[in-house]
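You will see two complexes here that share chain A, one where it goes with chain B and one where it goes with chain C.
Showing the complex of A and B:
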């Protein structure tokens, strides 16, 4: 029983970070109606930025949030402005051009990082990497707990932004109906750039928070892109609340799978959930909750 | 296909005579691999380019075909050549099941579902050691030392695949496929069972990809899950072959296969040893840049945008300028 609760707790904690990844993805998906297949790769870039900040500048990984997030915001906005938006004007047979483009972007990001940092596994040593505190016999890993807290704060901030500010309302309007939003005087072009930037910044935060408890190498992006996608499918496409629930569900399912089935099949658990959702609950949790 | 029969004839004769013209095993190997990619790229193109269902999971069918051939040896104790017979049908069955699941989704969501299926196959192939030998892979003994028999087999497969796709696309099915690509709802409304025809397209596509996989097993004599179920080296490569040559064109993927395999080899060997070694590490980077470039500037690939390219190169006022190419 204790093992079960322990597994559950670590699943929920990692789920908080997954939620952050998923929200970024679902924002982009909601506004642009495309799947960002470079999502995990963007996270990987943020992780390397944090790594460099820690290794060469001696910055605390949590402080590096303030560097990695703006950097990725700019990178994401540039990708949207110079690579994805121009495709809207190109006439082609396949409607999935933008998705294929993100595949190419992901490849380039991975390979550029491999060029600079090589394929070596890296991790950072902090004083608190393996610190834990106990609560009724259940151990809480400190960095994971802090990461969960920061993820929660960032999510709250995003909700305030989307619900209370004018720009946030414009983003939601564009997600609902781009043409109508443009008629109402919203600069949808600018909103797409902003959204991609925001999504990248959020996934950057997730990467930075993950670094103290995880390892890092250039190919780490691919699996996380898939996870982000599973989360968004689980939660319902374009639903932010769904992404949070989906992230936590995925985190718990992965920990349970790793504990009770086999460590090596941890990644397969996510894929199986994904297919089950597809077969039995197409549309995701959004269909049940309507939010 | 009928527009310039003599061009086809000359290319065909050159390909038939190739092993006698070029005695080097290295170049024969490159051409064999290219021909294999012609099969995979063309079958990907049938599903993605003609039917509009972009698959990111063709490694599933390739790997299934390859493992069918491999398991013929390790489990059934028969020759791996049986894989050429069995690989296609097994991959087709797998395709049928995958289609049943994934065709609930459209567009990009379908694409991502196929990625997930591909990953599941790879992870299961790694984990199910009793059946697939896991990461140790399957090693068999090549039947022929010479590359020539493999070359003619690959040529036969490639020609058969192109011919089959050409015939399918001229038939009623082909028109249905294109109708589905252009607008699924309209296709459904005028009475085309989109699910059935998407499945048909996937079945043909997975069949040929499976045969290519079985050929790979026989030719390379070694497979492991990371090689044949690879997302980057098989699924994405199939897409690259398709989009660089030109989606929705008959000759696009064959051209794309030649370009891609040649590029890959050039970079892997650091421009045949002329450039420093680090160049060989950059080949995936170049692929990525190529994807970005092609999608940005040649959205319909080399064949699809041929008129456009010609105009750019010769700066002529091509009177018969059309952006289409043969898209039928």
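Showing the complex of A and C:
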């Protein structure tokens, strides 16, 4: 029983970070209808920013959130404004050439970081990296627990923003129907820039929170892009609640799979769930949550 | 008539002048080196390339090959076998190299070895260690480093003489190297009468190893043997400490546990962890300490056994080409076969044993992290510090 609970706890905790990674992608997917395949690489950039802040300025990674998130917001907005939006005007055989562009952006980000920081593994040592507290023999990793909490707070903030503010409503309107939104006087062009910036800032938060428990090298982005993609599909494209549920489901599925089947098959377990959702719940968990 | 003669003379002089540089310049011998320079294993690829380059500079400035200049052409295998294959093909057909070197990951090395054998070009492996690489009967493939199944040899005597564990858990990466090493360690355990209570694999790059580690905790073995690369190793140790898994000892069976990044990430969880290793700078091999110091001076970073393997391989390549009767592939192969030299990594001589051919056999050692420093602790007579055992984990982890 203890084994089961411990597995569940680690699954949920890691799921919180997954959710934060997925939510940015789902936001971008909802508004622009494209898969942002540079998502993991953006996270990697944020991790390097956090690393530099910690290593050279001595900033605590949690404080570095306030630097990494704005930086990535600007980077994301710039990518949307100068690299992705111009593509909309170009006729091409593939309507998805924005997606291809994001693949390219991801590669450039990886190689730029390799150029600056080399391929070395980097990690930051904080006093609390492997601190844990125990409840009845079950260990809760402190940085993971904090990350989970911050992920919840950020998601809540995003929710309030989308539901209560005018700009947030414009984002939702653009996501629902871009043409109609434009007719009603919403500057959809500006909304796309804002959305990509927001999505990048959210994944930056995930990267910063992940760094104390994980490590960093230029090629780290790829696997996380894949994770974000799975979560987005699992949750239902464009659904923020779906992304949270999707992230936690993925985390728990991976953990249970690792404990009860085999650790090397944990990705396979996640993929089986992914397929089951696609077959029986096309449109993702959004169908259940209706948000 | 006169004019014509002058013209001819001038032409001849001109030709001579143009041709002269190629006569005076040192002839270069090209050797292809395939390493993972990007991708997840790039950190090791970089150490190896640096070591190759360091050795190359020394070889050329010492004129080991006489008038000829040695040149290494590096190709990136990105940690993928299919890329390694095409990289090797490119080196052979386009660059016309006389032999191949490098080979980091076992899967990539295996792919390169296949190409080398097919094209009948000698290939000196310096790191890829899955047993099967030299068990295929591929006579063009030579291996400088010990095979994966030989890695825990140094550990074996330590277990029988000091620890005498009854149960063991094996955690290994689901790679060619990981499964090959875990299998051979299982046979070792059987021979020593150690009961393997758990043998689990995982795919590298995981964030959370706790689902795997709770099983170890439940099994409560005397010995935890982990075949992991760098960052997996740090996370495994850190999370073991978090779950308070306390066997008699933790032993690392692969690259991950000997790098300076390991204690940096794992912190106090790295303390007193043992690791099987192939090389340590204080070993009584000529030039070993010098290589270690020079590397640190030149690159501002510490090197470890992979670097030593690459550095030694560069010297073996130079020595082979020096002795080769000509640069034709059979002559180079014959010279490589006849290698019998001392390197910083130990003596190099290719032999056949068990199912292996062209395999260099070397002793392996045991190191331990003591006060944040990696110390050679076994065999006892060459140890740089006495080993710490038994270990009180509760105290070291406080």
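Methods note: the second predicted complex is superposed on the first by the 290 of 291 C-alpha atoms of A that agree within 3 Å, B and C clash if a C-alpha of one lies under 4 Å from a C-alpha of the other, contacts with A are read in each partner's own complex, and residues count from 1 in each chain.
Here is the rule we go by: contacts are C-beta pairs under 8 Å (C-beta built on N, C-alpha and C of every residue); 3 or more make two chains touch, one makes a residue touch a chain.
Note that this is a predicted model, so its numbers are computed, not measured.
K.L.:
Please indicate which partner A:180 is in contact with in the superposed arrangement: first for chain B, second for chain C, both, or neither.
P.N.:
neither
K.L.:
When the two structures are overlaid on chain A, which partner does A:262 contact: first (chain B), second (chain C), both, or neither?
P.N.:
The answer is both, since A:262 touches chain B and chain C.
K.L.:
Which holds for A:141: it touches chain B only (first), chain C only (second), both, or neither?
P.N.:
Second partner only, chain C.
K.L.:
With the two complexes superposed on chain A, say which partner A:114 touches: chain B (first), chain C (second), both, or neither.
P.N.:
both
K.L.:
Figure out whether A:153 sits in contact with chain B (first) or chain C (second), or with both, or with neither.
P.N.:
Neither partner.
K.L.:
Touching A:88, do we find chain B (first), chain C (second), both, or neither?
P.N.:
Touch status of A:88: no partner.
K.L.:
Look at A:99 in the shared chain and tell me whether it touches chain B only, chain C only, both, or neither; answer first, second, both or neither.
P.N.:
A:99: touches chain B, not chain C.
K.L.:
Taking the two structures together, which residues of chain A meet both chain B and chain C?
P.N.:
114, 262, 264, 267
K.L.:
Can you list the residues on chain B that touch chain A in the complex?
P.N.:
48-49, 52, 54, 101-102, 104-105, 107-109, 111-113, 115-117, 119-120, 123-124, 126-127, 181, 231-232, 236, 239, 243, 247-248, 281-282, 284-285, 287-292, 295-296, 299-300, 304, 323, 327
K.L.:
Which part of chain A faces chain B closely enough to touch in the complex?
P.N.:
34-35, 37, 83, 86-87, 90-97, 99-101, 103-108, 110-112, 114-115, 222, 226, 229-230, 233, 237, 262, 264-265, 267-268, 271-272, 274-275, 278-279, 282
K.L.:
Considering the complex alone, what residue numbers of chain A touch chain C?
P.N.:
Against chain C, chain A makes touches at 2-3, 6-7, 10-11, 13-14, 17, 114, 118-121, 123, 125, 129-130, 132, 139, 141, 144, 210, 213-215, 217-219, 223, 254-256, 258-259, 262-264, 266-267.
K.L.:
Report the residues of chain C in contact with chain A in the complex, numbered from low to high.
P.N.:
For this pair, the touching residues of chain C are 37-40, 42-43, 45-46, 174, 200-203, 205-212, 214-215, 218, 230-231, 234-235, 238-239, 241-244, 261, 264-267, 269.
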